[in-house]
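Chains: A, B, C and D, in written order; residue numbering restarts at 1 for each.
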Amino acid sequence: MPMKNLIPYFTLGYPNNETLKRFLMAMPLDIINYIEFGFPSNDPRYDGPTIRKTHRIGNENYNENFYFDIFKHFSDNNIKMYSLSYYSDIDDIERFAAILSNLGFSGSIIPDLLIDYYDEAFDVIETLNDMHFEYIPFFTPSTPDNVIKKVSEKTFSWIYYGLQPSTGIDIPYDLDYTCSRIFSLVKSREINFGFGIKTIDDVSELARRGASGVAIGSYLVNMLDKNDVNGFIDYLKMIRGALDVEA
Amino acid sequence: MSEEFKSLLSNDIIPENWYNVTPDLPEPLPPPRDTKTDFSSINLLNKILPKEVLKQEFTFKRYEKIPDEIMEKYLQIGRPTPLIRAKNLEKYLDYNGKIFFKYEGATATGSHKINTAIAQAYYAMEESANGVTTETGAGQWGSATALAASLYNLKSQIFMVRISYEQKPLRKVVMSLYNSNVVPSPSNLTEFGRKILKENPEHPGTLGIGISEAVEYALDHNYRYMVASVMNSALTHQSVIGQESIRQMELLGEFPDVLFGCVGGGSNFGGFAFPFLPKSDDIEIYATTAHEVPKFSKGEYKYDLMDTAGVLPAVRMYSLGADFVPPKIYAGGLRYHGAAPSLSLLINHGRIKSDEVSESEVKDAIKIFANTQGFIIAPESGHAVASAIKYIKNHRNDKKTLLINVSGHGLLDLSIFQ
Amino acid sequence: MSEEFKSLLSNDIIPENWYNVTPDLPEPLPPPRDTKTDFSSINLLNKILPKEVLKQEFTFKRYEKIPDEIMEKYLQIGRPTPLIRAKNLEKYLDYNGKIFFKYEGATATGSHKINTAIAQAYYAMEESANGVTTETGAGQWGSATALAASLYNLKSQIFMVRISYEQKPLRKVVMSLYNSNVVPSPSNLTEFGRKILKENPEHPGTLGIGISEAVEYALDHNYRYMVASVMNSALTHQSVIGQESIRQMELLGEFPDVLFGCVGGGSNFGGFAFPFLPKSDDIEIYATTAHEVPKFSKGEYKYDLMDTAGVLPAVRMYSLGADFVPPKIYAGGLRYHGAAPSLSLLINHGRIKSDEVSESEVKDAIKIFANTQGFIIAPESGHAVASAIKYIKNHRNDKKTLLINVSGHGLLDLSIFQ
Amino acid sequence: MPMKNLIPYFTLGYPNNETLKRFLMAMPLDIINYIEFGFPSNDPRYDGPTIRKTHRIGNENYNENFYFDIFKHFSDNNIKMYSLSYYSDIDDIERFAAILSNLGFSGSIIPDLLIDYYDEAFDVIETLNDMHFEYIPFFTPSTPDNVIKKVSEKTFSWIYYGLQPSTGIDIPYDLDYTCSRIFSLVKSREINFGFGIKTIDDVSELARRGASGVAIGSYLVNMLDKNDVNGFIDYLKMIRGALDVEA
């Protein structure tokens, strides 16, 4: 069985470029698998309050040049990078993919594509497929069955499955059902889970049910705010441990 | 023999599960959105809705088992409701096809609203809330809430838009019969109400103010807030209507070609029509609104506030704008500015068609229905019937089988004919 | 499958025949009598009632086949009506037995009255009458007559006691919705009415005047007069209630030990209770009247006029006297001075017991019923429920199975709670 | 098959004693079987308007002595006589039966006994039985089944079955059903029908259905009023013919 994926998420520019860089460079490369970078958006509408805040502040601080070396560091070390980008912020999908490829990104998660631009979504996916740029399907509990099936068929990367209808909020849900549903709709595919994952327990429960990995975002914000790099590293190691126990 | 009866009249007609359309939508359902940067109305839901309701609001589960305790209440309040072939109406319209109607007016509170009220009150009781609270305009929802609370021995606090409170005294009587505490809103039971009354002691009230008061009251008193319509959970609970209809039609050896329902927030419509979607791609479906509230023809499909007060999250729907002030039409339940996100999506996608009818068409329809079928139907439901009559005039020789959802009776709205 | 459903939900629950108690009475039923030497009111019936109705009035036939055309209308207006186990009421009363109720409020006009109105209107149509006519007080009977006429495309002329006409404007709206011509009585449509108006233009009207006007109108216009209650044919038509109840109970694997119904003229009671008589000699039966109209306890079992005007024949019944002026009680349908001859005979014979309840007991009963079962029942029906509640208090541990006839809903009588 | 019964009915004293005598004495004795005499009552409450009128006038004219010979004439000729008497007019049932027996009467029809005096009825019947005075059960369509059965068991004479709930009025009814009902309730017993019988058709229909005979009353009043003895005799012969055809 392959190693389960730990995928930290950061909004670029939050809490400021320097602090974020310190956190990023401190991460032991052997405990993470992918890394997800949010490009600050003016309208991060499918994010919860915590991540919305990081976009607002990130937007003020973000400086592309500042991150060239960082991106290179990860891609050189075979940590795949994915962008979190809102389709509403993308003018030209080919140019967008080309630039990100250049920066060393493997692909993108585009949370509003299926929801607000369903009519264009399959063209976009084809374009990205043609460019060999991974389009990461972003599904949530409310994505209809046939959309999950159709989009899965047209894509080849792993799947991002959000446990919540929106990041950072805590709607009660039935984990068994949630997991068995996605596994029954999409068979033998890498599925990483995100949204509202915090504790070792959360992670163990998911791993036990067959998740390929977990993405953690909102929960890191508090550590970024407190500039608690050590706490952050300890936390990641703990999560890694939880994933490995179950693997 | 005994078992057969039970199974056909109750277990077998009332479905075992609610049906949630979300996983069967042709496109992903745009989720609710917060509209304020520093405050999450989505999170607020966590504090005012019963956990189970919230879960159902966001669930992708196609079927949610109806708890036994709710099933029992459904039987008590008159479910399954009748499905009747409108033979006299067919004759009157000289129509060669068949017309059926599902009659939600047969429930104890006289409309479909009780279907979701019972569910929400049950979940509130299950988590030991002190009571339930909501706002009401014309009073249909208030009555349903009041009864549902009473059935589970819960208290209920209802904020009734002051002007309706004064103009519809009988609705207040109904709610009081159900042991509810009904106050005109704005009231001095909440800080929000007191503030408004201080500015204008004669304030006529609005649904927005009512919602704000109810939410405040829920937070302060460990009450749960009851959602009348628009939200997915309400539509899911209403799915008993459509599922019963399917079984009743099947048992009669029939299946409808065309469905008609009226749309206020979309709950009776969704509950009625959605369960048919997975059954047939060909079935034609009409969602009818009042001419005066042309949400589908003149509204925009966009994110908009569910309530004027902005307490609840925004959702993507056909909307005339949260501050749209509808004319004082006779059908109070259709004055809402938007329509449930799932319904809006299906209309936008083209799967469901919309229709609009005028007041005079509706009044005629109610009269015709009364004269031919005997039931005096709610003005809201009159829109569905008017739409069906229009359809028949244009499809006289199609021999299609029509099924109309009659969401309620009009016995407390008779004054519109005076 | 389809056949099964039809048979259990319609054909099999709605009986094929009406049941007439006459041949099963323990003593001969005293026939109607003329009261004038030179004029036969019995013969008058020949001129104003449809022949078939008259036939049924005096028939000894135990079963009279319900014509298909009437059966069809029964289905249209909501038959079979529900029979529901009142589980919440059982819980509330902490009762160890079972309580069921039959709910005639589910019909289109909201009470049992439509059961006989449809039959009488059908027979009027069959003999090509120009229309039907009757008198009405509170308006329940007028509404039923109006709808029944409308269903058979007959005109209807209704004489509504003037004071009710003015105090119950909504009932008039209902009748008008059914295309009826409703006038306050005394009216100037008849000679009798004109005479009274000449003496007193402000005359508040009485049921007696209304009957006289309706009879005159029937004679002059080739209309048929519709009989609300008291007469045997009306009770026979109402037997669908009891027969449906028996089937529904049987199919639930139950049989009642005690029956409760309210008595105005006796039609809902007879229609409900009589079909049980041949089924069991042990079943206990209570006929409940209002405290204010103590016909069984203070009335005499004697020949008395059916109507104050003396237009109709006299019958032997428990009566407080045809000129008895009841207090203006909230339950308009229970103000009648007598009770159907067959019911009176059975009470006199001891087979059926009578009970009386007070206004406050009735109001409490209606509130309790609303709170526990959701349905807001008619004040008349509240008497039956109040009686059952009383019974339970005195037979707490008997574990008897009770069945109550709820003759109508109270949605147009809500003002009594204001 | 025995001859079917023709039973004319007269209220004593109507239209006056002399006229009635003329009619009675003119009757050919071979065409009638029984004769029914109404003793004028102040309250003939189960009679229709026509017969009520004959009671009112009969009451004024009736004179017992006048009829002694007439009664003797019939009893001498073996025409059985029955009285129509209201129980409300009878003070003492034994004395009543004794007097009538003396006058040559075979029995009585007492229309109000079962209806208004049900509680006493079986005692009365027993008394009359003991005196060998025929109690003629008077049943109508509205007499309950069990009453018909019980009373039939306790009596031994023929049965009078009224087709109408009250004499002289015309309530529509179903003749087939009416006949088959009484025959199914009371088997192998002489049943004569009455109330509202007028025409040859009426009589044929009844005879065809198994009636033992017919009683005719109201319809004769018009002939009495017009003093039409010949018409009366012709009418009786016609009815006799109708009965015989079917027999």
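FYI, a contact is a pair of C-beta atoms (placed from the backbone, for glycine too) under 8 Å apart; a residue touches a chain by one contact, two chains touch by 3 or more.
Since the structure is predicted, the reported quantities are computational estimates derived from the model, not experimental observations.
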Topological distance between chain A and chain C, in contact steps: 2
Chain D and chain A - chains in contact with each: none
Intercentroid distance (Cα basis), chain B paired with chain A, Å: 38
Distance between chain centroids, defined by C-alpha means - chain B, chain D (Å): 72
Separation of mean Cα positions, chain C and chain B [Å, integer]: 35
Sequence positions of chain D contacting 2 or more other chains: none
For chain C, residues that touch 2 or more chains besides their own: none
Chain C-facing residues of chain B, complex: 1-2, 4-6, 8-9, 72, 75-78, 82, 84-88, 103, 106-110, 114, 147, 150-151, 169-170, 173-174, 176-179, 248, 250-253, 366-367, 370-376, 409, 411-412, 414-415, 417-418
Complex contact set, residues of chain D against chain C: 45-46, 48-49, 52, 56, 114-116, 118, 140-147, 164-166, 169-174, 177-178, 181
Residues of chain C that touch chain D when the two form their complex: 22-34, 37-40, 42-43, 45-46, 51-52, 54-55, 57-62
